Each structure stands twice: as C-alpha cells, then as structure tokens.
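Both complexes shown next keep chain A, but they swap its partner, so chain B is in the first and chain C is in the second.
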Partner chain A sequence: MKVIVPVKRVPDTAGEKKIDPNDKTVDRDAGEAVLCPVNEFAIEEAVRLKENAGAEVKVLLMGPDNAQSIVRKALSYGLDEGLQITDDAIAGSDAIGTARVIAKALENEEFDLVIFGNQSTDARTCLVPAAVAEILGLPSLTYARKLEVDGDKVVVHREHEEGWDVVESTLPAVVSVVEAINEPRYPSFKGIMAAKSKPLNQKSLSDIGGDAGEVGFDNANAVLIEFAPRPPKEAGTIVEDDGSGAAASQLADWMEQKKFI
Partner chain B sequence: MSELLVLIDHSEGKPRKVSLQLLNAARTVAEGIGADVAAVWLGTGGADNADVLGANGATKLYTWDSEDAHGYVTLPQVEALQQIIDNNDVAGLITSSSNHVKDVAARLAIRVDAGVITDATNLEIEDGKVVATKEVFGGDTITQCRVAEGKFPIWTIGANAFPVEESGGGAAEVVSIDVSLSEAAQKSKVTSVEIQSGGDRPDIGEAAIVVSGGRGLGDEEGFRLMEELADTLGAGVGASRAATDAGWYPHRFQIGQTGRTISPSLYIASGISGAIQHRAGMQTAQHIVAVNKDAEAPIFSIVDFGIVGDLYDVVPKLVEEIKSRKG
Partner chain C sequence: MTIPTSPFTDEHQQLRASVRRFVEGELAPHADEWEADGWFADWVFPRLGELGYLGLSMPTEYGGQGADYWATVVFGEEIVRCRSGSLPMAVAAHTDMALPPVLKFGTEEQKQAYLVPALRGERIACIGITEPEAGSNVAGVRTSARRDGRDWIINGSKVFITNGVRGSFVTMVVRTAPPSQTPDGRPDPWSGISLFLVDTDLPGFEVAQKLDKVGMRASDTALLHLTDVRVPAEALLGIEGQGFKQIMWELQGERLIASIQSVAAAQLTFERSLAYAQEREAFGRPIARFQVQKHRLVDMATEVEACRRLLYDCVDKWNRGEYATTEIAMCKLACAQMAFRVADEAMQLHGGYGYSREFPVERSWRDARLMRIGGGTDEVQREIISKLMGL
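Entry: the complex of A and B
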C-alpha cells in the first residue's frame, strides 16, 4: 500500500506575526516557521499504516526552497521519502491554486491513500483536501476522527457538530484527519538521524506538468485587498474574589445590566 | 434577474439558525448587485419551510426532496448545486462555514471555477463589488478580500456573524429539482450517522451564550458544574484543548485553533488560561467573561468582566445568583 501525506510549512502560532505596513502583506520572516501541527496527526496515521500494513509513505510539500527542513522534519517520524514542489510561479497561490498544484503532483504518483490535515493552522480554509479530491475525481473522506483500511476499502468516521458520520469507500481515496484521531508520537533520535539521508526530490511546476497560468498570486481566485491588526480591546472590569464567591454577585449585576439574565 | 443562492443548513426538517442569518447576509449582497435571493434545500422537507425562508428574504426555494442528498459523501450536494448553477442565471453562492459544507464549496469551486472566501464575518458592497471581511491569525488580523473578476463567487459565513432579521416577504416560490447522481457520487456511502447529544443544549456554534471550562476544572466532574451554569442561561458548553485532551469532554466541543471557532454574544471561561490557540476560537465573542485564580492569566487581557478567584467558589454562587434573579 502506498500513502502520501501532504504537509505545510506554517508560521508558529505562538510566535509573533507581523504585517509589513508598506505592502500590507504578512512578513513571513517575522516568526519561526514550523511543520503545521495538524499534519502531525496525519503523519501518525501514516506511521501506523506503515507498522500495521507495511505501507510506503511519501511526504509532499508545496513551498519555497527553505521549506526543505520541514520535509525532513516530517520524514523524521519514520516516513520513507519526500517530494517538494518549489517554483517562483507558485508563490501567493490561494487554496484553490494550492489544490491545483498538489493534485498535479499527485497525478504523477502512485498511491492508495492521501492523508491531509483537516486544516492548516495559518490559512484554516479546510478547502485543499476536498478540492484536490475533486480534481483527481476521488472521494473526499474528510475530518476523520477514525480511519480504518481494510483491503481496498476505507472506513472513516467523519466528525461534525453533532457527532460523526460513518462513511466507506473504495481506494484510492483522499482523507483528512482531525486531532481527535490519535496522539502523535515524537520523532525518535534514530528517526531524526535517518531523515537526513532519506530521498528528497525537488520538482518545479513544469516538472510536474503544472500550468503557471492557473496558480500563483496573479491567478488567485480569492484576492486579498487589505490587512489590518485587530483594534485593541478596551480594558474590562476585573474584580478579585475574597474566597467566598461574593464576586459572583457583581458579575451577575453586570450580566443583568447587559441583559444576559 | 440573476439569483444569489443560499445553501440552507438544516436539521430535523428545520433550517438551522445560521441559515436564517445567511439569508440576511444574502439580502444585502443581492440588493447591491441587483439579484434575488434563492434558497437551496437539499434533502427532505424543504417545501414545508417555504414560509420561514420567504419571511427571511428568499424569493425562491430550490428543493431536492431526496434522502440521497445526504446518503453519500459531499458529491450529491455538489451535483445538485452545479445543476442549479448550470440551468439558471446564478450570481454566486453563500453557505455556512461548517466543516462538511466547506467540502461542498471546495469541490463545487473546481467545477464552476469559483473563488472561495471562507469564514467571512461581513459582506459589503463597494463600487458595486462585494468585499468580504475575514479574520486571520486567530482573529489578530482583519482582512478585506474579494473574488477575482470573472470567477464564480462562493462565500462561507460562520454562525452569528449576522443577526436574523425578517424581511417581511411572503412564502418563497418552490421549485423542485431532481438530480440523477453520477456513479462517482455513489462511490462513498454514508453507512450510519452517530448523533451524540449534548442534552437539550444549543450547538456551541449557534448558541448566544457559551460556558466553557479548562484544565482549571481539575477533573471531568467539573463539567457538571459548567453544564449547571449553562442550563441556567440556556447556553452551550465548550472546552479548552487541555480539557478535551484529558478526556473530560468530547473533542467536538473544543474551542480554538484546532477546534470550533465561535462568536456568541457572551463567552464565560472558567479555569482557562487563554492561550493564543484558545483565543483563536473565541475572541470574536461580543462579550467575554473569565474566572481564573491567576491574575496574570492572558485571558484577562481580553475580558469585559473578569474575576480573579477560585472557580469552585465563584461559579456555584453565580448559578445561585442567576437562579434567584430569574425567580
């Protein structure tokens, strides 16, 4: 069985994010870049498929040259091979543009299952996995809180607001996972050392047969016009409780005044 | 006149509150671009709701009255919408931002060459064009976006971004459609649906008030106290990741970057420090209240009303106060 895990390089959420006042874009160099934490859950599922079903797992990343360290990081969990799509023409792609590049890259690969994170922590659109599935004409079994592969069949519990749907489909298929699915392990020292010499292939847009007229900033279907920091919130009322819970009546006054009671 | 479609989210034969909010949002846009609002109800029971959807601004109601709409994963809804778009003069689509619906938007976008703006918090008309407001970086940055010229626009909108406002319109004209599903659509079947009830509490995405608890509750039992407080207010109950990770409350109630993003009128956090990943899911709440024994907890920087104290002293008292004031 062959599995592909698309991973994204994102700014560390806990780090500082800055907006360049001149061109109103995000200063990508301001904070530290990390492997999107949601992808760790996808990687963990892939590692389990390796252990339990002998799967071969490839990591796929679309991103700039210096994102190579992120691919290596993903490989350090024990995955087999990396593929990075790097091209100036890709920069500034929106979710649909990103999906086009990833789908193109996948068209050149053999796989039974693609395991995405349900969202990236920076864009948070959740659009990429289903859009990729659509381009490839495959089922999109997204938001998996449970994933079972049985022969050429996959069963997924798709989480939603009220519980989950149990769905099944034949392979190949595209899935995305939510963090409830597992507890990712840490990479082992051996894994980190081994990742340095795992095969990592870099390809350009033309290498994968992509069309520069469909991707990148100039061809984004959704266009960003302006950025501004959220206006700071006015300081609220803060009261200290004396250990008797008496402060609750002040809160109840406030709630009454705001018509919440 | 062209039509602006609104995909109605529904449950047990009734539109969810968010759907009526979407219709309100759609009215502003439709007026600005010279279109009518048409609701789309996929699944059974749509025609029974022509009145309520009409009263909230839909002049037309497309229904596909079939169990198949939700019997397979995503594609039936995509194919139904595509059919409506292909056969009518459609100017755009508004949907909710719930997870499974975003998949419909994503797949449809590929088919109709759309630009998708997810999680819009406002839609305005500037120079005859629709400009969407969207918050990024967990609400720390506010952006204005639009869909590129010549692309079919799809906007997804979260619950409570818009109020429900009746338009005073009469019943929507019902147009029923029939969709013959492709083979591909029938490939991934929904074999069962597991509904995990949250009691009679409202969904945290739609609730006007959400009460939520974190690691400071100390154990699973702490959530009984959260539920008690919630029930005095008709509120939903949410949790921080520390609490869901500990197994004290199910993951689908998690609020934050990797959980739900909600915008209630009032958010009451107990025993939650207010980490940036948590704030990413709740800082657009209109009013924020926190109870935390650490005066330095970051949550206090975004509260309207904060109590520095032990939640086990304060919350039971608050429950009493609310009950006695309600009489």
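Entry: the complex of A and C
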C-alpha cells in the first residue's frame, strides 16, 4: 500500500502571527516556522499503517525552498521519502489554488490513500482535503476520528457535532483526520538522524504539469480586502463578595446575561 | 581546541524539542503528586525506554540511539523541566552511572541480560558504591565477596542507593581480596576491589530501609543489606581486582551528568526568578526594577553561564574520548556549588513566597542541596584536584 501525507509549513502556532501589509498575506518570516501540528496526527496514522500493514509513506509539501527542514521533520517520524513542490508562481495561493497544486502533484504519483490533517493552524479553512478529492474525482472522507484500511477499502469514523458516522469507500481515497484520532509519537533520535539521508525530491510547478495561470497570488479567488490588529483584551468584570453572599447571585446574573447558563 | 558557540546540531535541537514536549506534557503534570507520594510512577522508566531516552548515547546494537554525548546533554538539560530534581537524578543513576560500566566492561552475555532490558526500562539499575562506613573512600569498602566453588558469596551493606527500592540490579563495588603490597612494601588499598552485577531478588538481598530525605523526595533511596548473597562467576563485571580503576572511570560520567543537571536546574531556577521579579510588585513597581534585584539576577545568570562554559568544555573532551579527571572534578565542584547558590538567591528573591510550599523554589532549593554531596562531595572533588595538582 502506498500512502501520501501532504503537510504544511506554518508560523509557530503559539506565536503572534503577522500579516504583511504589502501583499496582505501571512508574513511567513515574522516568526518561527513549524510543521503544522495537525499534520502530526495524519503522520501518526500513516506511520501506524507502515508498521501494521507495511505501507510505504511519502510526505508531500508545497512551499518555499527553505521549507525543506519541515519535510525532514516530517520524515523524522519514520516516513520513507519526501516530495517538495517549490515555485515562485505558487506563492500566495489561496485554499483552492493550493488544492490545485497538490492535486496536480498527486496525479504524478502512485497512491492508495492520501491522509491530510483536517486543517492547518494558520488558515484553518478545512477546504483543501475535500477540494483535492474533488479535483481528482476521488472519494473524500473528511474529519476522521478513526481510520481503518481493510483490503481495498477504507473505513473512517467521520466526526460531527452529535457524534460520528461510519463511512467507507474504495481505494484510492482522500482522508482528513481530526486531532482526536490518535496520540502522535515523538520523533526518536534515530528517526531524526535517519531523516537526514532519506530521499527528498524537489519539483517545480512545470515539473508536475501545473498551470501558473490557475494558482498563486494573482489567481486567488479569496482576496483579503482589509485587516486590523486584534483589539486589546478588555478588562473583565470583577465581582467582590462583601461577606453577605451577594456575589453569588451577582455572578449568576452575569452568567445568565452572557447566556452561559 | 575551541568549541563552537553552540555545540548542538539541528538534530540535537529537534531532539530537544521532542524531549521538552514529552517532559512538559507527560512528566511535569505529575511532579507534585510524585513528590507527595515519595515515589515517581512505575510507568516512567518503561515510557522513557519506549521513547529511546534511556540509551541516547548507547550503541544501536543494544537498543540505544547511537548518538554522541551531546544528546545526553540535551536530555539532561530538558528533563529537569519536569519540576522535580528527583526524577532526573533517578534516571541519571540508571543511564549514566550504573549502565555505562556494563557497556564498557561487560561480556556480551551481561550486555544482553542487563543492558538491553535496562535500555527498554524493563530492568532498573542502581550504582552501589557508598557504604555506611565508606562513602567517598572507595578503597575502604567493606562489602566483600569470597569464592565458593565457581560462585561468589557477598556480604555487606550499601547506603544512599538511588533506585534502591525499585531497582532490579546493582552495579556494585565489592572487595574480593585484601589489599596487596606495593613494590615498596606498603599496602595498596586500591587493589582487591572488583565490580559485580548483583540482582536484587536474590536470597539474602534485603532493602533494609527507604531513606527519608530533605530533598529529591520522589526518588527512592535505600539502605541495602547483603547476607550471604550467592552470585555466579558470571556476575563479576570486568576484571577481578580492577574494580577501583573501573569505578574511577564510571565516576567521570557520574560527575558530568551531575554537572549537566546542576547547570540545567540553575538555569530553570534563574528563568523562574526572572519571571517572578518582573511580575511581583513592591513599593509600586516590579521588584526587577530595584537595583538590588537586578544585580542579584545578573549574578545568577553570570554564574550559570560561566559554569555552563566549563561544563561544555568538559563535555567536549569526554565526547572526544579524553579522560579529563581534573577538569571534570573542578566542573562538578563549581556546578554543584553554583546550583545551590543560585537556588538560595532565588529563595531570597522570592522572600516569604520562596519559603512557602506553594512556590517551586523551595523544592529546587532542597533538591539542589544534594548536588554538593552526591557523586562525591565538594570536599572529595577538592581532594582529587589537589592530588592531581601535586599538592
């Protein structure tokens, strides 16, 4: 079985994110860049398929040249090889543009299963996995909290607000996973060292047959018109108890007013 | 020889990120509970084994990670962030004190029987040097082994043995012959000493007491009694009669890991003190704005940095296979004293809160005090250094 895990280089999730006022895209040099934490859950599922079913796993990244370290980081969890799509023409792509590039890259690859994280921690659109499946004409099984491969079919528990549905499809298929699916492992030192020498193939947009007229900043459907810094946190309400117990009802009134109760 | 400003590679830094996440996510939340129980959970050793952290610098053929000694430094620096000095010490007794002699002096059979399961965290190791009447004086050990056919019969006591209650074997210093004569006719107290690997479940092996300590409270420290403990010839580690030399080699690694943890603990204490000083207000401004506290913080940071440089120099030598006894003894002396001074200054800076059990400072202060005693006291380090200086 061949599995591909698309991953993303994102600004440090815990850090303050900045938007570049010139082109109104995320300033990717403002903070430390990391492997998107949601990808770790997809990687963990792939590593388990490798351990339990002998899957060969390739990591796919679309991003700038210096994102190589993120591919290596993904490989350090035990994945087999990397493919990086780097091209000036794809910079500034929106979710659909991103999905077009990833789908194009996948068209050139052999695979049975693509495992995405359900969202990235920077944009959080959750659109890319389903869009990739749509473009490729493959079954799309999103928000998986459980994933099983059984012969030539994949079965997932698809999470929603009221619980989950059990959904299955034939392979090849595109799956996106949520954080409840597993507990990602930590890369071992052996894994970290081995990642240095694993094959990493770098391709341009034309190498994968992509069309520069469909992707990148100039062809994005989503346009950021205006942005403002997050307003400072407002001071909270302090309820003080004068010893009479009146604070309890004040607190209850406040919670009711805010519709917490 | 100059070492680069940072001796750590990208791979070391990735390891650091992994270890920190593990320590903060899986260990630190339990620190208070383990401290109160006087025992850290039994799952810790197997979990560390599963993550490959018990054998970072050990060869892969025995289940280690095959990394250099700087990986051990990374792990030692990060594990102190578990908010307890006990657990890092207990792990170090296993990984950096009891096990290296098994790798260095052991037979293939001993490595398979002891090292391999120990790196998985399934067998927990102790180092048994100190005795009720012989601590730093290794030549004065009274625990003795006599031959009985192919076997050895061991009698004696060992005290202050880290992991002594939970341990499954002890890398033990034992006298196997009376001191021989040196060529000029004086007794040679360092002769007749040997190392043994002694299983703790043998008849006659008794954990006589779990010791109650000022600090390092989550770690089990034991008094062990051995009464006619029979071990096979295969329990001898290394060469009979060469135990003194072998344990002197072990002590280099022991002093290094103690120095690593001392510097790391002091660094953490400094970071906490800085954060507290910037937050805590007195007379209408954060106490970090008072010159007296600024200078205190600067002194703490300076001492930590100076010791770290000495430590990294020693680590670099050790990593390249140099046997730098004098420098390592100096390093242990300096780092242990510094760690306690920094903890003491941190307590002073925190005032009444520092003395209260509500803040982590008091634990760091109690834990740091051991560093001047364990792994050879300050006084012993000075004796070693003075001897090597020809005084």
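Throughout what follows, the second predicted complex is superposed on the first by the 234 of 261 C-alpha atoms of A that agree within 3 Å, B and C clash if a C-alpha of one lies under 4 Å from a C-alpha of the other, contacts with A are read in each partner's own complex, and residues count from 1 in each chain.
In this text, contacts are C-beta pairs under 8 Å (C-beta built on N, C-alpha and C of every residue); 3 or more make two chains touch, one makes a residue touch a chain.
All figures in this text were calculated on a predicted structure; none of them were measured in a lab.
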Output check: A:Val239 vs chain B and chain C. Expected answer is one of first, second, both, neither. What do you get?
first
Touched partner set for A:Lys73, first chain B, second chain C, both or neither:
second
Have a look and say if chain B or chain C is in touch with more residues of chain A.
B
Should A:Phe189 be classified as contacting the first partner (chain B), the second (chain C), both, or neither?
second
Report for A:Arg158: first if it touches chain B alone, second if chain C alone, otherwise both or neither.
first
Take the contacts of chain A with chain B and those with chain C, and give the residues found in both.
none
Which stretch or stretches of chain B touch chain A in the complex?
11, 73-75, 78, 98-100, 102-103, 105-107, 109-111, 113-119, 131, 135-148, 151, 184, 187-198, 203, 205, 209, 233, 244, 251-252, 257-258, 260, 265-266, 276-277, 280, 283, 287-289, 295, 300-310, 313-318, 320-322, 325-326
In the complex of these two chains, what residues of chain A are touching chain C?
69, 73, 76, 186-190, 192-193, 196
For the complex, which residues does chain A have touching chain B?
13-14, 17, 19, 37-38, 94-96, 99, 118-119, 121-131, 133-135, 137, 139-143, 145, 155, 157-170, 173, 178-180, 220-230, 233, 236-252, 254-256, 258, 260-261
Residues of chain C that touch chain A when the two form their complex:
10-11, 14-15, 18-19, 21-22, 51-52, 56, 60, 65-67, 71
